[in-house]
Amino acid sequence: EAPNFNPDKITTDPALAAKLPEHIAKAGVLVVGSDTAYAPWEYISEKDGKTPEGIDVDIAEAMAKTLGLKLDFRTAAFDGILPALGAKYDLGISAFSISNERLKAVNFVSYSQTGALWAVKAGNPKAFKPDELCGRNVAIQSGSYFQRLLQDESQACVSAGKPEIEMIPFATQAEALTRVAADGADATVSGSATIGYAAKQSNGRLQTMRPAGKLGGFGLNGIAIAKKDTALTELVAEVTNKLIVDGVYKEIYGMWGIDDSNIPVAEINPKVKD
Amino acid sequence: MDIEKAAPDRLVPTRQADRVGAVKLNEVVPRRHPGRWVATLLLLWLAISFAQNVATNENFHWDIFAQYVFAPQVIRGVGWTILLTVAAMAVAISIALLLVVMRGSDNPILRTCAWFWIWFFRGTPVYTQLLFWGLFAVLFPRISLSLPFGGEIVGLDTKMLVTPAVAAIVGLGFNESAYLAEIFRAGFNAIDRGQLEAAQALGMRQGRIWRRILLPQAMRVIVPPTGNETIGMLKMTSLVLAVPFTLDLMFATNAIANRLYLPVPLLLVAGFWYLSITSLLMVGQYYLERHFGKGVDTIRARTE
Amino acid sequence: MNAIMTPPRSTDAQPCVHLQGIHKFYGAVHALRGVDLTIKRGEVCVAIGPSGSGKSTLLRCINQLEQISAGRVFVLGELAGYTEIDGRMHVLAPRRVAEQRRRTGMVFQRFNLFPHMTAIENVMEGPVQVKNMPRAEARENAQALLKRVGLAELAGRYPSQLSGGQQQRVAIARALAMEPEVMLFDEPTSALDPELVGEVLDVIKDLAKSGMTMMLVTHEIGFAREVANHLVFMDQGAVVEEGDPRDVLNRPSNPRTRAFLSKVL
Amino acid sequence: MDIEKAAPDRLVPTRQADRVGAVKLNEVVPRRHPGRWVATLLLLWLAISFAQNVATNENFHWDIFAQYVFAPQVIRGVGWTILLTVAAMAVAISIALLLVVMRGSDNPILRTCAWFWIWFFRGTPVYTQLLFWGLFAVLFPRISLSLPFGGEIVGLDTKMLVTPAVAAIVGLGFNESAYLAEIFRAGFNAIDRGQLEAAQALGMRQGRIWRRILLPQAMRVIVPPTGNETIGMLKMTSLVLAVPFTLDLMFATNAIANRLYLPVPLLLVAGFWYLSITSLLMVGQYYLERHFGKGVDTIRARTE
Amino acid sequence: MNAIMTPPRSTDAQPCVHLQGIHKFYGAVHALRGVDLTIKRGEVCVAIGPSGSGKSTLLRCINQLEQISAGRVFVLGELAGYTEIDGRMHVLAPRRVAEQRRRTGMVFQRFNLFPHMTAIENVMEGPVQVKNMPRAEARENAQALLKRVGLAELAGRYPSQLSGGQQQRVAIARALAMEPEVMLFDEPTSALDPELVGEVLDVIKDLAKSGMTMMLVTHEIGFAREVANHLVFMDQGAVVEEGDPRDVLNRPSNPRTRAFLSKVL
């Protein structure tokens, strides 16, 4: 059922491949670290329970092909990816959202943008309204970009003298969705791709709602590269821009049904709001 | 028995007074163990070069460590972690004692219940258990006393009862009780049967016998593995995010790491605190062992 | 029974312990085979017999440390452990059993002192925990009892710091602290070095002189001759011979008694 | 001592033959415990209504449970989890024995090393340890024998040495060894000193004494808490994602859960398997306890 | 010494155990205060004395279970535990100490059988583990030894299934299995019921008859009189009197010996 992206039509760009750092070129493999627990961006395939698939996997595949490399897309815990960038992993592609604080630790090359989407129990029994969040209880993935946005919203509620948003943080987005489906929270919010995918998986037990206010904007996702690896960062940006221009990204996002994730140009360490 | 004290082969005295009163003591030359010293030097050198590497390796980001090790949210996390540990161990110890008594009951249903409890809580992962405790209020919104297929008699909103803190403590405590029950069983089995009979002969009742005679003696065997379990519990509190309970040490450091994208120094912060608390617990264990060893360990009976 | 021949030391001649047809099975082992025995108030009854003959089992049945399989045990006129209704034995509540046990004191071969308590704490434990005596009073009593058994100075020592003879004397003081009406001794000196035996036997002799009702299991035939006024010889779970110690020891009528005495004397 | 066997108060026989040979046994009427029966009924009723709720509650998605409980990747996960448990316990037991011996050594540096090892590995969370084992190759790319401040003598790429499986087993095993060392210490301390002396008097050497005399006797006290630890290890394997090692049971079920966005039924799948393996381990523990209790537990010495 | 007066049973009169000025301190306790003692080959030396006089300590020093504080222990002509170079005592390797210990057998008061092994396994343990004897041969020897101590049928029982007397006989067989040249017995019967004492003493008597060199600590004065050909009386860590048993027992020259014998006899 996963879209079948075919990287064969992508050809190797010798000019770009020539810029590869020596150790990668010699190995002939692009090693990508990812936590593979965030469908549809990256998850473990149903077929054999081993192979990762998802949007990020297709993107990594396209990049590797462009550079004339084989792709080694490896699963790792989030805590294990970041310190090992530049040593164990060449790139980290795991739907990382870019923030100013994170930019101090790693280099990011932006490659997609993510809008938010709400999920509520089918039929919206709690009469949740995306434009009136104060006093609601919201299940959320702990540490996610959307948690920070909600914290701002909650702050606004308090300033306006309204009750704050009650956040219930979970280790995984799946646990947050389970809580909503079981009536344990009014709603949950995450990236549009994720929520859309989850709603489809839920066999009609969940429904989605478009966000309003601050959550209506877009956040940038980035490919993480070790801070000291400037050359590789620039190369990744060039490759990404080439793939954007060639329409490969548009095609991948289209296949996964998230056209609005496409960005016009990839930037190195882009300026973001927070 | 302390092995080291019992084996005179190795009781080689260090330099000592060479006479006591009028007695000229033997001048004993200990055996040399050149191999051991080489091994020791090797170990020391390994430790030093490791420490040197750790201290200078930039991956450890010691500046970030220093910045956050005493941050208020970390300190608060330490407090909650200690609180959870203590509360959950208290729950676990109470239930474990009950389980040991139930297993010794003459009522087969109580015995079966105890066995089942131990089997179930030892058998399933604590993360799963915690998740279900978190979902408890959702899955069973009302606890109500009702006729099996009839109407409700008394009801209570579960949400009031099972707050995240309660769910965390109950979840950790129930899981731990099963492990402690096994430890306690071994401890009580080690007591000489004559102790029970002597107490019975005095006309003491079962409850008093347990409390005054059996428990204090069992403690000697129980304390070291229970120390293990307490230290294990300390680390297990990091799983309470499953409930979700979000004030413990691990959550606090994870949240910072997630924001900064620097997991290693924050793991070191958490590790530093866990190690500190463990050290405290080990000191406590030492004194507990000494306390319950009184009359037995401190004054070693002669053996023939 | 022949015990009548020795005058009881106390004026009251009512039976203190009365056993009727006691049988005890451990699984297939038939440890007691129909024992009848009466101990009068003030009597000192000594049981002797070969190893495995059921002496310990008998004492333990009197104190309800074993459940009898058949028969009746009466201690101080009360049926021990049960109420009998229509020939069926209804088990007493644990509380009642504990109360019955308080009236008998028991001293074990291996002392069984509580190792985590000092000598005086061992002696105080019964009065404080069972009789709810105030600690100060219990301590005073305990000190007096320890003095009586010659251990006044060692009150603060743990059992592991005492010699065997000293431990056994603490055990006797512990039993006496409950002011029992009957004292049971199961080979109180057989775990002791020969030199220490005397200390303990002296304490028991004093007790006998004070008119305490006692039942003793011992291998010290000389001692039995000296203090007993009722001797019981057991073999293979049965009382084979009983009566005045001088009669039994000097002119045993049963061949098994004779065989045994020839080995031990 | 088995409490239940030692307390004749509660040795109330159930209906029995009323005569053995010529002896008419007492007809004993056990005490009634109406309160206990009420409690039992209440428990049973609670269990039934709970089970009923669990079976019918759609949040549990029993269809998904049934679909995946025997899925090939889950079965493979079970296999790897068992393998990791066994291998890590083997590592842990070997090191723990060494630690116990080291703690009894007359060389203060070896004693200190052992103490430090136990302190460190008990004190830090195993997740952090595993993460560092995973990062080992990154933090220390080459293991090399070199002069403290001079050049390299021999070197080896760490990556070759510390594969994920190795890191997982070593990480879990080292951590566990510290806990087991405490348990073993308690076990050896429980052996009567006379045993050591009897063996020495036969002219046995230290190593043989440990292996033939002390260890088998210590096992009796060691097995129950070590059973606890083994079962704990079984669940601890779910942390090896930190390395990252991605073939264990928990990873397999989590991967499915994350794809389906249905954590509960997949946690039930994992729980089912953990419970099954635990049951097997408990059976094994029972037989081990029986084996090492031979000569002591099986034939109960009479006590006076 | 007077032991010469009783003819040694073996032809060889070389000293088997030779102690020179042994002192032993336990912390501040001065347990042995300069003991000199020679036991010749084939001699049966019995040590008696009050509790705490250092008898056990002495035996344990001979077998290197305690480290002496001063003096020299020679067993079978070899300095035990050390090599002496220029008056300094160099500790022997554990392997050498173990080898020395093999030549002496020790029987403890509390038997110290290995509870996890059957009787025959207990007896086989030494030969198999220490002498690397094949199991089949060791088993045959062990069976013969068990027969010698009268336990042929109980070879398969665990210690907990044996009576005290039987356990002690297994312990003796275990020590004999190593074919020691000297046997040390520390109160081998004092943990036994009076009836069982005879069994063990009979085995020891047989051993004495067979010419085995032995040192025994015991409180059984009658037995000492019967088998000993060298009696040692110890008090407060010193050998107060020694010589022919008949002399020492019947005409003790030392007042402390007299006081002690009056209590135990």
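Here are a few things to note about the model shown:
Letters A, B, C, D and E mark the chains as written, and numbering starts fresh at 1 in each.
What we mean here is this: a contact is a pair of C-beta atoms (placed from the backbone, for glycine too) under 8 Å apart; a residue touches a chain by one contact, two chains touch by 3 or more.
Quick caveat, the model's predicted, so the values are computed rather than measured.
Greatest Cα centroid separation from chain E: this falls to A. Note on chain placement: the centre of chain A and the centre of chain B lie 40 Å apart, centres being C-alpha means.
Look at where the CA atoms of chain A average out and do the same for chain E: the two points lie 82 Å apart. For this pair, chain C with chain D, the centres built from the Cα atoms lie 47 Å apart. The geometric centre of chain C is 37 Å away from that of chain E, both derived from CA atoms.
The set of chain E residues that touch two or more partner chains comprises 64-65, 94, 108, 110.
Looking at chain A, residues 79-80, 83, 175, 178, 182 sit in touch with two or more other chains.
Residues of chain D found to touch two or more other chains are 9, 11-12, 59, 131, 135, 138, 192, 194, 197, 200, 206, 263-264, 303-304.
Chain pairs that touch one another, listed by label: A-B, A-D, B-C, B-D, B-E, C-D, C-E, D-E.
Chain D makes touch with chain E in their complex at residues 192, 194-195, 197-206, 208, 212-213, 216-217, 292, 294-296, 299-301. If you check the complex, the residues on chain B that touch chain D are 1-4, 6-7, 9-12, 33, 36, 39-40, 43-45, 48-49, 53, 57, 59, 100, 103-107, 109-110, 113, 119-120, 122-128, 131, 135, 138-140, 148, 179, 182-183, 185-186, 188-194, 196-197, 200, 206, 214, 221, 224-225, 227-229, 231-232, 235, 238, 250, 263-264, 267, 270-271, 274-275, 278-279, 282, 303-304. Remark: chain A residues 36-39, 43-46, 48-50, 74-77, 79-80, 83-84, 87-88, 172-175, 177-178, 181-182, 197-198, 201-202 touch chain D in the complex. Residues 8-9, 11-13, 20, 23-31, 303-304 of chain D touch chain C in their complex.
On chain E, the positions that touch chain D within their shared complex are 63-65, 94-95, 98-102, 104-106, 108, 110, 112-118, 125-126, 129-130, 158-161, 174-175, 178.
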